[in-house]
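Structures given as structure tokens follow.
Two complexes come next, and they have one chain in common, chain A, joined by chain B in the first and chain C in the second.
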Partner chain A sequence: MAFIKTENLSFAYDDDLSHAALKNINIEINEGEFVAILGHNGSGKSTLAKHLNGILLPTEGRVTVDGMDTADDEALIKIRRTAGMVFQNPDNQIVASIVEEDVAFAPENLGIDPLEIRKRVDEALETVGMTKYKNHSAHMLSGGQKQRVAIAGLLAMKPKCIILDEPTAMLDPKGRKEVMKTIKKLNSEENITIVLITHYMDEAAKAKRVIVMNKGEVMLDDTPHYVFQNAGLLKSIGLDVPQSTELMFELRKQDIKVPLAVISDDECVTVLKEILEEDRVTD
Partner chain B sequence: MLKDITIGQFFPGDSLLHRLDPRMKIVLTVLYIVLLFVAKSIVSFAAVTVFSLILVFLSKISPKLILKSLKPLLFIIVFTTVLNIFYVKGTPIFEPIDILGWQFTITYEGLLTAVVMVLRITLLITTTSLLTYTTSPIALTDGIERLLSPLNAVKVPVHEFSMMMTIALRFIPTLIEETEKIMAAQKSRGSTFSEGGLIKRAKALIPILVPLFVSAFRRAEELATAMECRCYAGGKGRTRLKQYKLCARDYISLLTVIAVFAATIAINILLQGIVFAI
Partner chain C sequence: MSQIEVKNLSYKYGVGTPFEVTALDNISFSVEKGEFIGLIGHTGSGKSTLLQCFNGLLKPEGELYIDGVNICEKNNAKGICFKVGLVFQYPEHQLFEDTVYKDIAFGPKNMGLSEGEIKDRVCEALKFSGLSEEILEKSPFELSGGQKRRVAVAGVIAMRPEILVLDEPAAGLDPIGRDSILANLREYHKKEGKTVILSSHNMDDIARNCEKVLVMNSARLEMFETISEVFKRSERLKEIGLDVPMLTSVFEELLKEGYPVNSGIYTVEQAVNEIIAAKDGGKNA
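For the complex of A and B:
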């Protein structure tokens, strides 16, 4: 059974579905998946994310998380505990002044025994590599470090899934790398389901599955290799493709026969090498 | 400039006073304030003053800083002194002087009351600032929450109050940083904040305050959502990471303050009528 499932999900901020932000969305996300949701501003990607742990409730249709309906008030705490969420602005999600006290916030809310909280806080900080900073003042950290603290704050709840709503949008390249590394580690080592909302193509290319949103609808939903093959379609809705794909796209325009399904630097190098060697042979 | 503000004026350190349990520190400070009002004779005041000096020494905080904390109250101190010297009735030191029809005289009692009042105010401020100097704001809020927690039974929102304090303390540096950014943005567009009369200066603040408020509200909303995502549902059933446990030094401090308290009362009774008392 799907871990997160939306059934005919439609949503309008003023309950008037004639200008809905989400239109009839049906997606299923399985446990342990790494899904990126791509989309232009106003495509409904953040609105969709907010449905996945019950911050917003569907105007029509329903959303279930681990079998629990997000519209069910009784299950809300359990849903939020299962699916945590990281937001764009690192400053606005840290509650306490000291790093470890902030990480302890969620387990404290859940009424967990202090000794167990201590253990979870230490483990969570270790996982995101912030143990060194546990007694630091949160506002002195860099953006990337703050986001890692925010992730640790969720890990302390022991969630099965983490939804990240453009977590790197306000970070510098270094911070972005730190956060992406942490996210990948959580998925591969801790088997946590990741839903990453982003508008950076290179980040989306690291996922195992990409969902492309446009005007409140799901436009594409497949592996990154397949999704980025549709470079023309993506460009038509104002999205870019990863730089390697872009290069292939341009080469094909020049009638050079290259595959489009190239999304990483390594793949790109291999393909280019092949072409160049072929060239030499024909010369 | 704005970054220099340290709300609550906490000076990190590792002295005995720093290490005391915040709950105990708050209780002891309250006890000490009561003590200042119980002390009635010059002898007991001398004892209490010596005790306060020992506390200052133990805190390892420079006496200069402590004197600084008295500065804002200088006016009140001088005012009460003058009032007491001239208005307390008793045995005059010299014959009344007549100035423009007003009779001025200074009495022994007046002089003594003035000295005692000055001591009382000075010691009061010194020791209460020692509390904030040696306790981090978070520990202070925590201590207050835990001490007041019995009031939950009569529906006083103790947890909500302390959560508000925690968040306020957390966001002070963030908002200060933001204010500086906005000021820089407005300055770069040619606005000046340090020129012109009072009204002009006050008006110049509007373009800072409006964006600051707008952003503060946006932050508040995002923070509220983030807190909900982390299962925040009020104080009910909440546990805490930091567990405070009273240890030997806390009990010893309590006993010491109680001993000083008892000594003061004893002096009050024993020296009644011998040394001048107020």
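For the complex of A and C:
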């Protein structure tokens, strides 16, 4: 059974579906998946994300998380524990003044045994690589570090799924790398289901599956390789494609035979080497 | 005489406290009128501090000449904020008036312009930012994030600054919002011949728009060169916590493995030309 499932999900902020923010969305996300949701501002991607742990409830249709309906009041707390959310602005998510106290905030509120909290906090900080900052003042950290502390705060609740709403939009390249590395690790080592909302193509390229949203609808839903082949379509809805994909697109116009689906540095180097070698062999 | 001349500029925060930290360490460079300059550096490298010195907000040590006037000297900073327009990071957080019109008019009003002139300036700035007149009577707080950002930029443009300084104007915007703000800046630069200084974490934005780049690293000026010279030193950029465009790394790698390509490639167009040239070269060999 799908871990997260939306069935005919439609949503309007004022309940009037004639200008819906989400229109008839049907997606299934399995446990352990790493899904990126791409789209420009206003495409509905954040609105969709907020349905996945019951922050917003469908105007029509249904969303289930691990078998629980998000519209069920009694299940809500359990749903939030199962699927935690990280937001864009790192400064809005820190609640305590000391790093480890911040991470302990949620488990403390769940009434968990102090010894268990100690263990969870230490593990969570270790996972996000922030152990040596555990006694630091949280507001003095860099943006990337704050986001990792926010992620640790979720991990201390032992969620099965983490939803991240543009977690790197306000970070510098170093911070972005730290956070992306942490996200990948959570997925591959801890088997946590990841839903990453982003408009950075290079981040989406790291996921195993990319859902492209446009005007409240799912436009594409496939592997990054397949999605980025649609360079023309993506550009027409205001999205970028990775530079490598664009280069392949242009080389084809010059009658140079290259595959279209080239989304990483390494793949691009390999392809370019091949076309340069090809000529040497013919000579 | 250069329009901007920075000589031995230093700035420290929290002087005399245990938290004293050097944000700018002996910086010198000059900018000619009409140049489009990029400013990059890791978080905490001093970018924002440097930008805030340009319009007299901070009082650094050293000399900073704008059109020959040293604004670090007492009383010289007056009026400099009209000549150098500074757009802060997340400028939409600073909207404060109850209508968009009043917010954009705030700068021109403080310049002591007449009502008629203020109105012209507001309309001009509005057009520049690609906003429609319908929103003039709206509250800035009911606009979308991208619109707020444009209103904030319009408020600075309305002062018709000779030098426009922007601290990460595209941060947090989607590709459409980003492209439209940057296109507006290019136009302001091209049509009006004004100087633009732009900081960004996005190397592609820098590569596409700027002629020269200031690279800051731990309070010092690490490089000040043309885009392609800067991207030729991609190893060093990575060392100091910066990214380079994807294709720059790709061509660096090809070069390392002995293929006949140049370094300092950063646009798709350049890359296509490089590959074609390398293929032809291979045939002739």
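FYI, the second predicted complex is superposed on the first by the 281 of 283 C-alpha atoms of A that agree within 3 Å, B and C clash if a C-alpha of one lies under 4 Å from a C-alpha of the other, contacts with A are read in each partner's own complex, and residues count from 1 in each chain.
We take it that a contact is a pair of C-beta atoms (placed from the backbone, for glycine too) under 8 Å apart; a residue touches a chain by one contact, two chains touch by 3 or more.
Treat the numbers as computed from the prediction; the structure is a model and nothing was measured.
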Task: Kindly say whether there is room for both chain B and chain C on chain A in the superposition, answering fit or clash.
output: fit
Task: Using the touch definition from the top, say if A:L272 reaches chain B (first), chain C (second), both or neither.
output: second
Task: Determine, under the contact definition given at the top, whether A:H136 touches first (chain B), second (chain C), both, or neither.
output: neither
Query: In the superposed arrangement, does A:L247 touch chain B (first), chain C (second), both or neither?
result: second
- prompt: For A:R62, is the partner it touches chain B (first), chain C (second), both, or none of the two (neither)?
  reply: neither
Message: With chain A as the corner point, what is the angle to chain B and chain C based on their C-alpha centres after superposing, as a multiple of 10 degrees?
response: 70
- prompt: In the superposed arrangement, which partner chain does A:K184 touch: chain B (first), chain C (second), both, or neither?
  reply: neither
Query: So, A:K23: does it touch chain B (first), chain C (second), both, or neither?
result: neither
- prompt: Between chain B (first) and chain C (second), which, if any, makes contact with A:I112: first, second, both or neither?
  reply: first
Per-pair minimum CA distance [chain C against chain B, superposed on A] in Å: 5
- prompt: Quick one: in the complex, what on chain C touches chain A?
  reply: 42-44, 144-146, 171-177, 201, 203-204, 241-243, 245-247, 249-250, 253-254, 257, 259, 268-269, 271-272, 275-276, 278-279, 282-283, 285
- request: Note which residues of chain A are touching chain B in the complex, please.
  value: 53, 55, 77, 80-81, 84-85, 87, 89, 91-98, 100-101, 104-114, 117-118, 121, 137-139, 150, 153-154, 157
- line: chain A partner, complex, touching residues on chain B are 137-138, 166-167, 169-170, 173-174, 177, 219, 222-223, 225-233, 237-243
- prompt: Any idea which chain A residues touch chain C in the complex?
  reply: 40-42, 88, 142-143, 166, 169-175, 199, 202, 238-240, 242-244, 246-247, 250-251, 254, 256, 265, 268-269, 272-273, 275-276, 279-280, 283
